[in-house]
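Below is one structure, written out as structure tokens; comments come after it.
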């Protein structure tokens, strides 16, 4: 029995609010249950130095948690003077994942900055970030096309992300904080719309996991990400 | 004529949403028109080293802007590795102002962390922060009293804050971004409920301002802050 | 009765020593009683990146305290690896104030660096810094004109600065450290030679201050700054 | 055909040199072909603050590359003033993996520092680090037992690590740099001696990978790690 | 012929002004010609952690240059966020040298902070710093004795420092900036009152120096330091 | 009697292993007894900004100690976020010394980076670094000549370095850690092949040293460095 009463293959309610703030080219509030992340995609008309003159674009991501998005207040990273290892690890994951969704040649000499800021945390902030950021990216690329900055849509496909894990011996989908904090295994998956894997990051906590358990988690994740694609598409269509 | 069509003594619509996030003891979203700031008040059951054993509490504040809360994306301070001078100046102002609202002796050996994070910026983020943070502080102190952490309410009085300035030669109340970015003078006021001044920070940009203009700005500010007190009280009563 | 025996509208002895050090284009030691600040103005023949090619100049300021300029030794900011919030706040104030004295167009593509380093602190270091730096600025601009770097004098007018406050219930001018450390209100004023306000920064400590008290402080400050203008002019004339 | 001429399931020659340096309680040079990593395990008789008085120990890891361990010289992280995201990600992985090998209760109030410093890089530095660090950990725990710092051996089981990937469409084991830099998928596995998974980190570069490809990679990795366990055991036995 | 017209064994005029600032227990302005350094010695009634409870004291030194103490303005180290290598090297030299003058056991559990801040630079700032700091140290220890913090004087002997070098082929004493910037060899000496060496730091620039040249420089330095001891003693006697 | 049983003028066994790693243009492992330092020389085809377009090259050095190269584990400087004063002092010494061996004009617009990383420390790491780095530099310049990057050999002469000191009242050559940690005087010498001095850095610890003792130490050092030149030459010849 999961703390939330959900069945093992059940996502939390996922909602996507587009145009959540007004300045960014793409701005999405995504909610996975009580987890709320503001994902913006910002277009800058230049590229990092290492890409100057190469006729292609770039996408990079940053991630942050508001100090009191969590149960007890965390130190503000800006105030501590550096981003922690967890933050850097997550923003590298978000950046790699979203770059897999974009044809950087078609993007031309522009940079997309993805910012994922956690307003409220209840487990799964990185998977919510990736799933929401993809919609923000979609919107930013649409804006670019309307402004004539790109001629064709550089978006290759949507990407979706969800966590799976083993909680009290049972593989479950989309762990919330009470599950995440005591799960034996925690795994984050990023996939494209054709069941192709973009990222798998699984970690055993305490016990190891077997090949069989891995298969069950991957199957749960694949189903969950398909549902997320549906929710993304409905949000985009509206 | 103001860009927004407001009269010179007219506030933008101010809304206060309490319990905006679930973890903080006080959590308020305050909106001054298009400016949106999330203000949380967090209670920590210890005091900074310099106050250990002195039988009193402390209140400190931090301020941040989400990277794309602004027209063009700003660098993330956590990523740059330090908070800028403007950020430090604002959070020092917020902290001093809110400390003026609390009896630190009655607070006991607890620290209140005020976090003001700008979700969307359109001028006046520091005055919105102070006005919203005071409601978050009220709620956090109420929680402390319910939990028996304080016996009497350490809140001495509410505080309110608003900006005034001189825009195209005319003193105006509560400048939005189009006004703020071209105003001749920009002034931030913090007051208590008895028309007492807590902070005055006025800066001439380009031209200087005269004693008469100062008087007019102070009068506009006093009226504006009275309105903010009304809005705070309605929010707290609801 | 003030600790120093001064009357409420009496400045400390103010002395200005020009050409205090030999390398800077402008170099002034200013003393407000026991407070001693070395103010230099340095000319650099380039502008920050954001102004390149715009045909105008820039002025920026930095402020520091020698570690033992104060009663007990302070940590050296260079050694701690960052400037504190108070330092940043003060150097931003000095920079804004001095920029109000210069026509940046006439300055051409040059940058003036103002450095205010406190040799000995006894209250009022920021107002002494601004009042002294204006003389150093005057001298640096004079040097530039002699060197043919500017054709006309970019100095629009002198600026002066003084603190006022409420000490034991009485408005007083130019607070020294014993007053400053226990004043109910502390306010710094920056004005030009025509009684125009450039900066007002007032903070209540403990109690608030009323509109009447504000008026009295402004009047004291205006008189004090007029005296400082006289002292600046005598120094420049000598 | 692999650049090195190896078959797809063939490891590079792996050598383990124990007692490579003299000060550390465990000191191992591990070589995966041309990749050479010095792994030390240092025992400190205290625990981090968050564990004080809890009767258990801790293990943490740090990773670094010598500036010219790579083809072109990299900036020294100590000189740049911060560790990069890749470094933090790797050292977090090493730390989590090795903690899975230790019973922290049995370790008592001691901390093991694992340092993995890359002397020469040719692909697979993180998997070599983990495989080598486990031997250094073994030796350090043995030393502790001899010194009476622990009564029973806190080592639960050995752990091994290897990379797998898809190179020119074919799943391959233990990628060297020429493969790694152009692989379509790169995956790092950490397992225990009973085929249990501790970490899976797979990333698609350019294309995605299918469930079938994942299965093949996991099978290659499992076989490769079994070989590494044999090499570790021979090294320990000698 | 030296640029200043001095003979090869001639010091610049050296002046020592005690009690230059009022807060420090010892405060000395030392001038070696145009080089002016403010040296303060501050007493703190505690010791660094590594000496707690060991019944001895400590002495440490910090060094800084005001940004416009030099020909062209240097970046402020506090603003750059770190002290440069030259600064650290010099303050380590000052600290080691002054510790050689103090019996740390007799000092008891107190720390002396030496701060050497260069007001104006014209060559030889480190040797002036050491020579001036020793007088500030003397005064601080005298204050401690008056306050009963030490029972006997912990000062073992005075120390003095001077630079020597080879300028246009000739060994010379006490190089000023025009000499220092083109000397073939630059050497700093620190000695005690009994012709004992405390520090020798010599560097060849361009050419090397021979054993004979070294002897001549050491002889010049010994004579110069004897003169400095005389000047220190006169200053202390006055 | 020295702890190692060596006579006072006896070096530890010195070995030089060229081509220790494969990527660097020059790569040398040097051992002074138990002290082991990896010295690499890397060629970069550009110069620092201050030399752009001046038709000359540059050489710079960095130094680091692996965290467990020492008796007890040191903090990793990359993790602490800054290099310590000792590190900066040593790398400045290495850089100055090696620049004395190179004709920077003949080097052309190239930069040589010297990296000295201590694998195992047992006293004398800076002198071993300099002596080994000179061989790595030789090899890198040879590679440049083969690649046609320089037309003539920019190496002016080899340089060698050794420590001398006073241990239990006796001048000794090449101090190991047990001697170094209790020596009364510690001195590092850098010389060229013609008995010319490049650097002398001597420090008294506790007692001072006399002119006679200095002479004896210099003589020991000169003999020791001659032996090091022989060892360098044999290594290069092989």
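Lettered A, B, C, D, E and F in written order, each chain numbered from 1.
Keep this in mind: a contact is a pair of C-beta atoms (placed from the backbone, for glycine too) under 8 Å apart; a residue touches a chain by one contact, two chains touch by 3 or more.
What you see is a predicted model; the values in this text were computed from it and never measured.
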| item | value |
| --- | --- |
| Touching chain B and also chain C, the following chains | none |
| Least step count from chain D to chain E, where 1 means the two chains touch | 2 |
| When chain B is superposed on chain E by its C-alpha atoms, the rotation angle in degrees, nearest 5 | 120 |
| Same or different residue numbers at the chain A/chain D copy interface, by half rule | same |
| Distance from chain B to chain A - Cα centre to Cα centre, in angstrom | 32 |
| Distance from the mean Cα position of chain F to that of chain C, given in whole angstrom | 50 |
| Touching two or more other chains - residue numbers and ranges from chain F | 81-82 |
| Category of the chain touch graph - line, ring, star, complete, other | ring |
| Sequence of touching chains round the ring, chain B onward through chain C | B, C, E, F, D, A |
| Complex contact set, residues of chain D against chain F | 21-24, 27, 34, 36, 38, 40, 42, 44, 62, 64, 66-73, 76-79, 81-83, 87, 113, 115, 117, 119-121 |
| Residues of chain D touching chain A in the complex | 82, 85-86, 88-89, 91-92, 96, 100, 187, 191-192, 194-204, 207-211, 214, 218 |
